[in-house]
Structures are given as C-alpha cells and as structure tokens.
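Structure first, then comments.
The first chain written gets the first letter, and so on, giving A, B, C, D and E; residue counts start at 1 in each chain.
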C-alpha cells in the first residue's frame, strides 16, 4: 500500500499525547470556548489514531526514543498493535462522548470543567497506552486517576463525592503498590524500560514480589470483585458523558497495564494458582455484577453493575494468557467491544434520563416509546453486551469461548456463556418498559445530537462485528517480551 | 581504629534514625489525635530528609524538606483547620435545629 | 559520604516496613485524614527502598532514582492536595470525614 | 460474486430495510406502512421465485460471503433445501402480513409490531440461506432477538411472563449452541454445508467429542423446535397476537429449530455418520416421544390456541422424525411436512384468530354452532384439521405416507404404529371442534361479537388470507404430483442427497404393490 | 459487622505476612549500579553538569513534563471540586508570629531563586526552588489572611499553565526540529533547560500557593 510507505517516516505517537494535551490547556486557559477546543481536539485525535493504527498495521511496532536518549537512559514510546488499538478505541469512543457532551452539557459552568478534565483524561490515557517505561507509566497512571476522580466528583452531592473519595483512595493504594513493584524491578535489573526488563526478568524473589504487587495494585484500581464497591455509585451517579468515559475507557486502563506487564515484562514468570484465583474472582464478578444488575431499580445503576460483571470477563485474561496462544487477543477484543457498547448504553441512558427527568426503570416506558432512536441504541448496544450476533460483543464472545475450548478450559467457557445469559436477563429487563402498554412521550426537549450519538455508537458495535480480522491482525503486531 | 569507630557510630545513628522513623510513623498512624498526627507527620518528613542525606541524596533531601514536610505539612494543617471549622459549624447548626 | 552495605540493608528493610505500615493503616483507620497520611507513609517507604537501591551500586551513586524520587514526591503532593480537598467536600456533604461503610474493603 | 449472490442480499434486505423504515413511521401513516410491508413481501416473493427458477433449471447454487474472523466467514448460499424453507417463509409472510394488517387494525404500536415482524422474517430467511453453521447460528440468535418483542407485544404482565420464559429457553439454547459451534469449528474449521456432511474424517479421532457436540446442537436447535423436555415455552407464548402465533408456530421459530436439526443431520454430520455414531436413534426416539406427548397434551387442552400449540409441539417432531429415519423416503416425508405443516398450521391459527377476533371465541366448547355463523372460516378450519389428522388426499396424508414408507424402509415398522397412534390422537383433539362447529346449535349470544359484517362473516383482510392458505393446503394434497408441488421440490432436494435413481426406485418399490 | 470484625482480625496477619515477604524481597535485591554508568557516559551531551538535573530535564524530561502536568491537573481538580473557603483564622494552633513571617519572605524568595539557578551544577532545581518560593507565597497568605492579594483569574490560569506550556512548546519544537519529542539541540540544551526551570519554578510556586488556598476563587 503506498499510503503505509508514505506513513513510514512520519512520527505519530507523540502527537497523540501533544494534541489532546494542547486541547486541555487551551480549554483551561479559555474556559468559555472549551467545548470548541474539545471538539477540534477530538476530531484531530481520531484522525491521528487512525493513521497510527494504519502505520502500525503496515509496518509493525514503532518504538521511539524520546529526546534522542534511547533506553535504558531515556524513555521510549511504544506504539504497537495493542497500544494503537486502545488509542483508536479511546479516540472513537472519545469523539462520541465529546459530541454528546456538546448537547448534554452545552456551555454550562459544569460543562467547562467537564471539557477540561475530559481532555486531560484523554491525554493521560493516550500517554499511558503509548508509554514504554514502567516509571513513566506510574506518572501517567496518576494523571488518569486525578482526572477521573475529579470527573466523578463533578456531579456533586454526598454519594458521588463519597464515591470519588473511595475511588481516589483505592486508586492511590493501587498506584503505590504498583510503584513499589517498579522499585523492586529497578532494584533487581537497573532499568525501567519495558522491553529491557522483559529481556531480563527471571524467576526470583524480587520480580515475583513485584509482579504480585503490581498486579494486585492494578486489580484494585480496575474494580474487580470484591473490590468493585466504589464503581456502581461512581459510574451510576456521574453525568452521562462521564459515566460513559469511566465505564467504557478508564476501566480498561488498568486492565491494559496489567496485560502489558504480563505480555512484556513477566511472561517468564509463572505464579502457581494465580490463574485459578483470578479466574475465580472473574467468575464471581460476572455472577455478582449480573445478579445485582437484575436487582437494582435505576437504569444507570443497572448499567454500572453491568460494568462490574464485564470487568470480570477482562480478567479471564489470566486463565487464558498462558493456556491459549490467542487468548489475550480475545480479551482485548472483548475490551474494545465492551468499550463501544458500554459507552452507547450509558449515553442512551443519559438521554432517557434527561428526557424523563429521572432514571427509575419502572417509569421509563413512555419516554422509551417516545424516543425510538435512543431505545434502539440501547437495544443494539445491549445486544452487543449480551454477545448476540452481528455485534462486536458476539465476535468477542466467540473468541473467548474459542480460546477457552482450545485450551480445554471448559469451566471458563461455561463462565463466558453463563455470563452472557445473565447479561441477556438484565439487558432485556432494561428494554422491558418500552413494551408496556400506553402512549409514547418524548419527554423534555433535548438536542437532537443526544439521540444520534448513542445510535451511531450502537451502529459502530455492529461494524465491530465485522472488524474481527483486521483487529486481530493489528494485535498480532504487539511487542511481547521473554526469552522465548 | 578510628574508621571502625566512625563506622559503628554511623551505624548506630542509622539504626537510631530508622527506629525513630518507624516509631514516629507508628504513632502518627495510630491516630489518637489528628493534630498530633499532622505535627508528627511534619517531623517525619524532616527526619526523612535526614535519612536521604545519609543515603547520599542531597537533592531529594532538599525536595523532601521543602515539599514533603513543608508544603504537605502546610496543606495538612490548613485542611485540618477547615475540618475543625466544618465540625463546629455542623455542631452549631445541630444545636440550632434542636431548639424549636 | 559512602555508605556501607550494612547500613543500606537497614534502610531497605525500614522502607519495606514503612510501606506495609501504610497499607495497614490505610485499610484499618477510618478517618480520611489518617488514610491520606497512610498513603504518604507508603510513598516514603517506597522512596526509601529506591534510594537505598541507588546508594548500593558499585559504580558510585545512581542519579536516576534521585530524579524518580523527586518526581514521586511531587506526584504524591498533588494527590494529597486533591485528597484533602475532596475530604473536606465529603465532610461538608455528609457531615463525616470517613467513608460510609458499604463494602468489605476500606 | 455473480447476479445470484446479489439477489441473495436483496432478498434479505427486502424485509430488513422496510422493517427498519417502518419503526420510524407514525401510527397513523397507515398507507405508507402497508405499502412498505406488502411491497417488501411481494418483492421478496418474486426474488425467491427468480432464484428458484435458477436453481431448478440450471441446478446452480449461489453464495455470498463476508469475512468475520480469520478463517471464518458469514456465508449466504442458496441451495435447494434453503429455497424450500425460504419459499415457505416468503409465501406465508405475504399472507400473514395481510392478515396482521386486518387483525391489528385499531390496536396501538402497530409500527413497532410490523417493524419487528419484518426483522423476524429477515432472520428466518437468513436462516434459510445460511451457508454454514456459524451463519445459521447468527441468524438463529437474531431470530430470538426479533421475536421477543412480538411475544411481549401486548405488554400485559402475562405476556411479559411468557416473554421471560421464552427468553430463558432460547438464550440458554443459544448459549449451548454457541458452545457447540465453537467447539465444532475448532475441530473441523468453518466449512460450508455440504451434502453428506464434512465430519467423516474426524470420526475416528474425535468420536466422543462429535457425539457430545451433536447432543449440544440438538439441544440448541431443539429449544426452538420444541423438542420434548424443552417445549414448555411454546404453549405459554400463546399470549401473543394471533398473527404472531401463526408466524411463530407455522414458520419462523419452530421451523427454524427443525430446519437447523435437518441441516446438521444432513449437511454437517451426514446421515451416515450420524447413524454410525449412534446419535440418530436417540433423536428418533425423542421425536417419537414428543409426537405422542404433544398429542396427548393437546387432547386435554381446552383453550383453542393451547390445543393448537401442543399440536405444533407434536407435529414439528414429524420433521425431525423424518430426518432421523436416515433414509431417502423418510427424508422426503419429513421435509415435505416442513411445508405442509406450515401451511396447515397457519390456516388453523388464522381460523382461531378469526373466531377470537369476530366472536370472542377462545375455548373449544364455545365453538358450538360457529359453522353457521362463519362458514368460510369453519370450512378452512375443517380442511386444515382433517389434513393434520392425515385424511387422504389432504396434505398431511402425503407427509405421513412418506414417513410411514420411510420407517418401513429403515426397518423400523414400529414407527408406523406411532404414526397411527398419533393420527388417532390428532383425530381425538381435532374432531370435537369440527363436530361442535358444524353440528351443535348455539344457545345464547357469542362471547364478544365485534364484526357484524353484512356480506362477509368477518373483515375481508382476515378472511382472504385464511381462505388462501386453506386452498393451498388443499391444493398441496390434491396436486402433489404436479411439478410445482412441495412434494416434487422435496424429492428434487433429496435427489441431491441420495442420487437420482435411488429415490425413484425406492418410491416405486413401495408405491406399486 | 461480622465481616468487619473478620477483616480487623485478618488484617494484622496479612500485614505481617506482607511485611515478611517484602523485607525478604528487598534484601534479596542484588547490588547493581543501575543507570549510573549510562548517565555518566552521557553527561557531556546533557547541557548541565549536575547528573540529577540532567536526568530530570534531559534524559527523562518526559517524566518531569508529565509531573508538572500532574501538579497542574491537581489544581484544576481541586478547583473543579468547588469554591475555596477562607483560610481558617488560625490554621496553625498556637501563636503565629506574623512579623517573623514577614521577615522570612524575602529570604525565602532569594533562596528559591538561588536553588533554581544552582540546580544546573549542584543540588537544587525547579521543584525545590519552586517549593521554597511557594512557601514564601504561603507565608504571605498566612501573614495577611484577611486581605488576600490575588491575581485576576485569567492571569492565574496563565501563570499556572505556563510551566507546562513552555515545556510542551520546547518539547514539540524538539520533535519538529528532528531531535525527538522532548529533545533539545545539543548546543541549546543549557539555556533551554534553565529557561524551562525558571518558568516551571514560578508555575510551581503559584500552584503550591493556590493548592494551599484550596478551591477556585469566588465566593
């Protein structure tokens, strides 16, 4: 392809950090124009992310030594298949969230804070995905935490503030554990570079302790059962664009980091029982999140508990990582599919909530009948969460079951399929009120964009149903460590 | 001979410093009295910068004294003051609420 | 001021213990201010291990950990500042400077 | 990709696009909605006829594939068997659409109803044209998604309960099916359907796995086909409006299950492998059990639609029985019953809907004297019911005749006994309504009389489809030997499976004593 | 309740276990020189003489840049949480000698400036200098809690963001000029680093003062 040959010389990765950061700074300096900077940034970032994905797809992983100082002295940016896919997913969902926020928040005072913090969050996530240095990852992680905590607290009120506080403490505990792991790794090998560490790590006390600390610390942050308590109030009570950003994107950050570490730094380590323990927690999360989603009475709470359940799937990573060669790719595809679908569901829920003035599920029927586009978005994206066909969720579920069966891990396949059933139960519960008798009602007037964005994202989940092959091809261009 | 004495003196100092640090940390985290905890934390920061000097990190010692102990301490103190004021305000409001 | 390896072991162990004390207090203590202090103690423990590592090399003192610790101190300060203000907001909204007990952690 | 492949896509879109468009119409846009509905239905019908001619005249198969995952494609293909099912769906969709327009004339949420109705048909046609197991699975699951809104359409608590039960069964079935398909794909890759199956080479190494997968596939498809332990959603789903019952029971859902089983048996495993693995016989026994059980329950059901539903449970298993007999004549019997039962059962449901909508009749004992009040509907009912019982020369007789011959051919004479017993039971539950309708006298008013038409006994849009399908049911039996009959088409399909000479010689052997 | 009690009894045990494991892991670390040699080898191209500053502002400038960003984000997060409360009349319990503070301020300003400047060759640097400058600002606030001298809001925002903006501009210029993102032309390294440090120190000082005040301006 001539375009990839042309792209080969262009340095793209830093721009994916620079552009959103510049947007965030401008939005902070001129708060009154924040939303237009936000929109411009979102568009530019999406274009850059697409170009980066094409570049990586065309010529393989790109490793960039910053300031001309190559590791271990300097810091490297790593744009490989995994990183560029996450950046692309973030950009796609991010653009949708930005467009939606234009209608949802407009130019309100709260909206200005949203724009600024959201762009910071975006820049931080991109920086994290592209970083190739364990200490630099710590700094980006803290950026992500501060931005997302502030976003959670933006809703005000006792519950969101308490949720934000809990989230902050849990995250800091996680970051500290992670940092201790970094220190142990540096102490043992004298380098902070992911690739350099990957080439050296062997089975001994310090790296094992580091692996445990880093993994557990990041698990705490990613709200895996039973450490999920902060998530439903935080995601359920935030403004809709924030909920979408948190549930669709931020949850994936610590998952990504865990995956990155185990792919690049610790592939040579085997901690006996870790896969069973993690798989067990994952299964418990799937079960508990699903059951709670069936019991709570507010629309956004249902969606938030659905995130608890779906985070469980992400950590089926551990049983699959060592047993099945393509297992981690299945999980990453799941993460992407979930990101898009969950953003669509949260944004649709936000539209219904704004139209009805509340989000009590039992009383939403009229608005759901009145706002068909949004109900459809809810339905289609819900189908993706369940893993029904022609959606990204189906492909993800297929890949997960395939990896589990390939490795003869029947139990985990049953967990995936059973979790899909629970998801089916709560998604159809969400849709139920639309079918109650009675006339439709459009509720309060809302900007049209708040109906079109969720629908577009929902249609994107269908497009993802056909994106399995290119996504896997991109993921195949991921750097993995280890002597083997 | 004198080298050995220096060595043992320094080691003794290290042990003493480390034990003090651990003791201060323990006391401040026990949290009997918040104000005392905060003051102990500032002291902890200053002791820490002493430890950084012993670990041949003067830059870090400077940063710790200025930021870790100084600025963080000031932030903690002002936060504690605000916390106290919120408490008395809530207390007064509670009293006022009870009267009628 | 070249430090002897024996002394370093003391500091390394002290760092590890400070870290664990922080973790313990973070989980056990309920007042938010104490939790925030606990996180700072954890950080100090980590920095101590890192600086101990830096001082232990044969080829002189390693400056990279010093830079990392300075960065770490600033990051810890930032997090502490946000946490303290958030604590005050929680206090103002709920009347309590502690988290409502709703789950097994914290 | 040639013309035929584009036609395949067009056939899917001919109901999908109108369906999506209909959702966004306002309730009162009656003309546009009707035009979209009927236009789509007619277009689909014509396109399928066009394909039919191509396949019949040139013996061609068409296919269209889209990549899903490395090595896994979504394949649409038109072979003889898929066209049989697709034609059935297209024809019945056309008549059911007309019927539904009349039936739902003044009820709310019609746009939503017809939207999902169209999606449902798209999914069914997708199932028909699925070129491999994964595609079949995909459309099968979409069918679940599209039919649930129709089941809960009335929005009453009991319809939600029925919807929940329906979902519980079909989603669990879908999950089992997904597991089975993934497993099979891991073992054998994603192969297109091929006559005689593609698993022969695996039998030696993976015999047990293939048996387990077969059981899982049967469980997955068996849910929708209402195979014995998995049938209980079907009678409950009767709370849906009559056109839904008609469509669900005659075509879409139950037939999708039965069609899936036939596909797996014929084109994935192949009848020989199924017989070698010893999985055909258990399936046969299950089908026999379901036939008897459904008939017995139908005898004791007082509600007319319930009785029809249990009759469906029983009758759909004839199709499975035919496939499980693993011989050409049995296969003809089973496949032809796919069509015959579809037409006859839709007639019966239309009649039940007419009775309920015109006179408020829901129970069998309320049917006294209805023959005088509604002679056309009652005639249609009688024709279809007699056909179900298997009175010659009606359509049901043909199916049962071939099934019986097939059983003898397969050296399982006892199965003919089952057919006889089942027919007697059929008579036991279909004769009372017929007798009451024609020969009893009505005393007192009808439960809820609504249409007091002067010229016609009920709304013409209800009557016309009913009479049409009844005439088709009659015609399929009387004209079975013509080249346009389902029987002829089915024998054409089975020729592929067993070779030309084989089938005719087999039939001649038994038809000329 | 029982769950909490179970946690209360389990936690000390778990902490002890963690302490044991961690101490073992820490003491197990092999002696190694880390990155001392690579740093020493690159000092001639670093633009400054002090290794720690070289690491902070050249070799790992990206880290330092993001660290400044964290500090800025912290202020923004604090502001987004609500308006500021007035400082308590007596934040420090006990007598605070306002006069003493006022005399200390000039000393602190000079010390801060010196620390920034000396950072290129000896211990010191933007963060330490900025912290001391910030401390001076805080003392100013404490000495005159009733009549806060405050910059207008846009200037505050500009001042806060200046460090990050300048750093980002220099880093991006490096990228465009072919020295890599966060890279300097070797001849320009010293002035650029010093400039960044000065601006950063000012921003840091302002940031610290504003963090101390807590909350955004307004009433």
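One rule holds in what follows: a residue touches a chain if its C-beta (ideal position, glycine included) is under 8 Å from a C-beta of that chain, and two chains touch if they have at least 3 such contacts.
Each chain and its UniProt protein: C = Multicomponent Na+:H+ antiporter subunit C; D = Multicomponent Na+:H+ antiporter subunit D; E = Domain related to MnhB subunit of Na+/H+ antiporter.
Owing to the predicted nature of the structure, the values given are computational and were not obtained by experimental measurement.
Shared contact partners of subunit A and subunit E, listed by label, are C. The set of chains in contact with subunit C as well as subunit D comprises A. Among the chains present, the centre nearest to the common Cα mean is that of A. A centroid comparison over C-alpha atoms places D as the chain most distant from subunit E.
Set side by side, A-C and B-C show the greater C-beta contact count at B-C. Relative to the C-alpha centre of subunit B, the farthest chain centre belongs to D. For the pair subunit B and subunit C, the distance between C-alpha centroids works out to 12 Å.
If you average the CA atoms of subunit B and of subunit E, the two centres end up 19 Å from each other. In whole angstrom, the spacing between the mean C-alpha positions of subunit A and subunit B is 38. Between the Cα centres of subunit A and subunit D there is a gap of 43 Å. Contact with two or more other chains is made by residues 59, 63, 67, 71, 75, 79-80, 82 of subunit B. Within subunit A, the positions touching two or more other chains are listed as 135, 139, 142, 146, 149-150, 153, 180, 184, 186-187, 190.
Of all possible chain pairs, the ones that touch are A-C, A-D, A-E, B-C, B-E, C-E.
Interface residues of subunit E facing subunit A in the complex, by the touch rule stated above, are 21-22, 24-26, 28-30, 32-35, 38-39, 42, 58-63, 66-67, 69-70, 73-74, 76-77, 79-81, 154, 157-158, 161, 164-165, 168, 172, 174-175, 179-184. Contacts from subunit C toward subunit E in the complex involve residues 5, 9, 12-13, 15-17, 19-21, 23-24, 27-28, 49, 52-54, 56-68, 70-71, 73-75, 77-79, 81-82, 84-86, 88-89, 101, 104.
Taken together, the subunit E residues at the contact with subunit C in this complex read 3-4, 7-8, 11-12, 15, 18-19, 22-23, 25-27, 29, 31-37, 39-40, 51-52, 54-56, 59-60, 63-64, 67, 70-71, 73-75, 77-78, 81-82, 85, 125, 127, 211, 214-215.
Listed in rising order, the residues of subunit B touching subunit C in the complex are 7, 10-11, 14-15, 18, 21-22, 25-26, 28-29, 31, 34, 37-38, 41, 44, 48, 51-57, 59-60, 63-64, 67-68, 71-72, 75-76, 79-80, 82-83, 86, 90.
For subunit E in complex with subunit B, the touching residues are 52, 85, 87-88, 90-93, 115, 123-125, 127-128, 131-132, 134-135, 138, 208, 211-212, 214.
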